[in-house]
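Working notes, beginning with the structure itself.
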Amino acid sequence: MAHDHDHDHHHHETQGGSELSPMELRVRALESVLVEKGYVDPAALDALIETYETRIGPHNGARVVARAWVDPAFRTRLLGDATPAMRELGVGGRGGEHMVVVANTPDEHNLVVCTLCSCYPWPVLGLPPVWYKSPPYRSRAVIEPRAVLAEFGVTLPPTQRIRVWDSTAELRYMVLPMCPAGTEGLDEAALATLVTRDSMIGTGLPRAPGPSA
Amino acid sequence: MAHDHDHDHHHHETQGGSELSPMELRVRALESVLVEKGYVDPAALDALIETYETRIGPHNGARVVARAWVDPAFRTRLLGDATPAMRELGVGGRGGEHMVVVANTPDEHNLVVCTLCSCYPWPVLGLPPVWYKSPPYRSRAVIEPRAVLAEFGVTLPPTQRIRVWDSTAELRYMVLPMCPAGTEGLDEAALATLVTRDSMIGTGLPRAPGPSA
Amino acid sequence: MNGGQDLGGMHGFGPVAPEADEPRFHAAWEKRVFGLAMAMGYSGAWNLDASRSAREALPPGEYLTSSYYAIWLKALERQVQGHGLATPEELSSGIVSTPAAPVKRVLRGTEVAPLFARGFPSDRPVPDPARFSAGDRVRARNINPSGHTRLPRYVRGHVGTVETVHGGFVFPDTNAHLAGEAPQWLYTVRFSGHDLWGERAEPGHAVSVNAFESYLESIDPASVR
Amino acid sequence: MNGGQDLGGMHGFGPVAPEADEPRFHAAWEKRVFGLAMAMGYSGAWNLDASRSAREALPPGEYLTSSYYAIWLKALERQVQGHGLATPEELSSGIVSTPAAPVKRVLRGTEVAPLFARGFPSDRPVPDPARFSAGDRVRARNINPSGHTRLPRYVRGHVGTVETVHGGFVFPDTNAHLAGEAPQWLYTVRFSGHDLWGERAEPGHAVSVNAFESYLESIDPASVR
């Protein structure tokens, strides 16, 4: 699934003697036309790629989680109306306009999926990994979430229910995982380092604090 | 859909200098192994191919339809229990063990499909055409049969209901079309020439008799 | 299984595309695959339901982009390997390097005509009486087995009318996994297009499927399992 | 549409396969496709729902065998051509041979940071009161539109519980076809795994979807349309 089985790629001359794949050539042609026709500003293209490749990522969500762990009032605001609460920490924007945060409890574990495409809270978690966008996860998360979690190495107690959130509209979900045990001495920044990307999707749990904690 | 997008074909030496496609080589390897290990008798292979390539075909079904048009008692037997009735004409065998014949009427037109694979009454109609086995027909026949029929050039009166038979078990269906008008002078053999394969699937209607009739 | 084979009601495949000449086979290899699959189907190593199951177990993307006989070929290769009749290396090279495994039967050339003219009926006696009768309203159960089934997704959960009680037949859901023929009563159940597809369904449209007894439940709420 | 994108509950795709290093992009062209799609999405020629619709309109076999950004690319090419912004020959050659068509907006480099930090909210006022309230039992309607919809097949016909009333949002089913934002109330509806998948569902499993008001009907039989 990770590579393109496309057969009907266009034929291009090799440009400048470089060896480009058919897909590179096809995209290059598209970009050339869109830029030359004035629909796309190359500076916007560069800014978009730079923003989403390097500036956004799960560290934003991790900051939100850590704050919720240490600040009960923030946690309340976050679970009540996540979008403005995240804005307090400067987290938000395209793909996170309408955030919903769902909190794990000993009774219920939350798992986020988008069966129909790839909806994901970009400004909170960055661009999604390939597996999140791929048929195995999208097909199975809603019908056999416990089996999926097991493949991620997460085995929940049978008494902990699993709640799957299928992102079928413009709401975007972040899971608020439970704070691991043994973190009493850690400050907010240290706690944030325990928050994995997967723990905010629901396919993982936060790291346990190291022996130095 | 009609060609194979297979990428992981095996690599073979070209045998005897002939230029064979990867699929030919792959099948040749399979056949060699199955024959050499004694699981497959080459004579059986030849007999199977010869039987289904040349001996069976929609002429068998056409004979059944023509008989039903001229012989009301046969028609009654055919609609009551099609398998023994067809056997009277020597029609039956593998893929037609449990035949059901459904009769078109001015009120209801019948259409046969197999959404799950390619079930088809082999000894009655021969091996199915590619379109019958392909996703467009299999997906659409059950949800928009009238639109499918229109693509086959068949426009039914809005008052004629459409009944779709999805062959989900080992029953195999043949449609008994209505006898065209203007066939009063024709004998059974002449009538059989009007019965098209598609008219026995339900995607067509019988031919009208020619001016000489 | 809810696999690539379960096509009823899907969109996006484009128009039906009849061919002008409609050859039975489109390449020499297709004939050989057809014959090999038929011959091996007689070996007793598996059965027709198992072969269907092997075909639909191809990943959906591969199923939908493979030609019909390419699907047969890939499934047959998997079956041959899965039953220990040949190794991947043998199938790759075409050179036999391991001993043959025993098979129950080998179809002989002289047997083809009589056997295939007779056919291989799949009706079987069922000791218990049929649970449903013609005219009964029944609901297709909402089952989603990961293994083989012949209850298509598009009828599950919908209510239809039993039209015909056909007698007992081999149950594919067990037989495909070589877990026994476990015959069941087979019915024809008619559904209205409106019930299956909603208010935008084409008017005057009904769909029948053949449904095994365990696919159906009474719509009397007290008897719904 | 009941297309290749509607994956919930399907079998046969194999295990989830996380990558060791999980690069955001796997080839240089993927970055460019991402950026081009985002930039063109701002042009006003279409909208996000239309882009999703274009992606899922790929034939299912192609959708399922194309990588993620290959799907984006193919959809973007179709949109560009479909809206008369470039010809197939131009996209094939990379050489402009026709005049540019007017577009509503061109995203400038300096606008990216402020615009994307603010985002593009899709909540809209809806004049009528919400038809459903938290706690209501509702049925996901059995609709099967050939156009874009965000009601997945696996919930259609099933009964769930309204958990949250979110306010009005742009309705994708019309917006995708440039037929207006036609905002509707949006709900979170929870379904039990048992109701969705039958008796073999994993125990203690529930699934929520976000459902627009027209996707839902009251289960009071008198009010079922």
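Chains: A, B, C and D, in written order; residue numbering restarts at 1 for each.
Rule of thumb we're sticking to: a contact is a pair of C-beta atoms (placed from the backbone, for glycine too) under 8 Å apart; a residue touches a chain by one contact, two chains touch by 3 or more.
Computed from a prediction, not measured in an experiment: that's the story for all the values here.
> Starting at subunit C, find the fewest moves between touching chains needed to arrive at subunit D.
1
> Measuring centre to centre with C-alpha atoms, which chain is farthest from subunit D?
B
> Based only on mean CA positions, could you tell me how far subunit A sits from subunit B in angstrom?
The separation of the two C-alpha centroids amounts to 50 Å.
> CA centre of subunit A versus CA centre of subunit C: separation in Å?
Centres of subunit A and subunit C (C-alpha means) sit 40 Å apart.
> Can you give the whole-Å distance between the Cα centres of subunit B and subunit C?
Each chain's C-alpha centroid was found; their separation is 17 Å.
> Going by the contact rule already set, what residues in subunit A reach two or more other chains?
Those would be 1, 5, 135, 143.
> Mind pulling the subunit C residues that touch 2 or more other chains?
9-11, 13-14, 56, 60-62, 64-65, 144, 196-197
> Provide the residue numbers of subunit C that touch subunit A in the complex, in ascending order.
Interface residues on the subunit C side: 60-61, 65, 144.
> Under the stated contact criterion, what part of subunit A meets subunit C in this complex?
Going by the criterion above, the answer is residues 1, 5, 135, 143.
> What residues of subunit A sit close enough to touch subunit D in their complex?
Per the touch definition, subunit A meets subunit D at residues 1-6, 10-12, 21, 23-24, 26-34, 36-49, 51-53, 92-98, 115-118, 123, 126-127, 129-131, 133-140, 142-148, 151-152, 158-171.
> Applying the document's contact rule, which stretches of subunit C touch subunit B when the two form their complex?
Those residues of subunit C that touch subunit B are 5-11, 13-19, 22, 24-29, 31-36, 38-40, 43, 52, 55-56, 62, 64-68, 70, 73-74, 76-77, 80, 85-86, 90-96, 100-101, 103, 106-113, 115-123, 150-152, 154, 166, 169-170, 172, 186, 188, 190, 193, 196-197, 201-212.
> Where on subunit D is subunit C touching in the complex?
So the residues of subunit D in touch with subunit C come to 1-4, 9-14, 56-65, 141-146, 153, 157-158, 196-200, 225.
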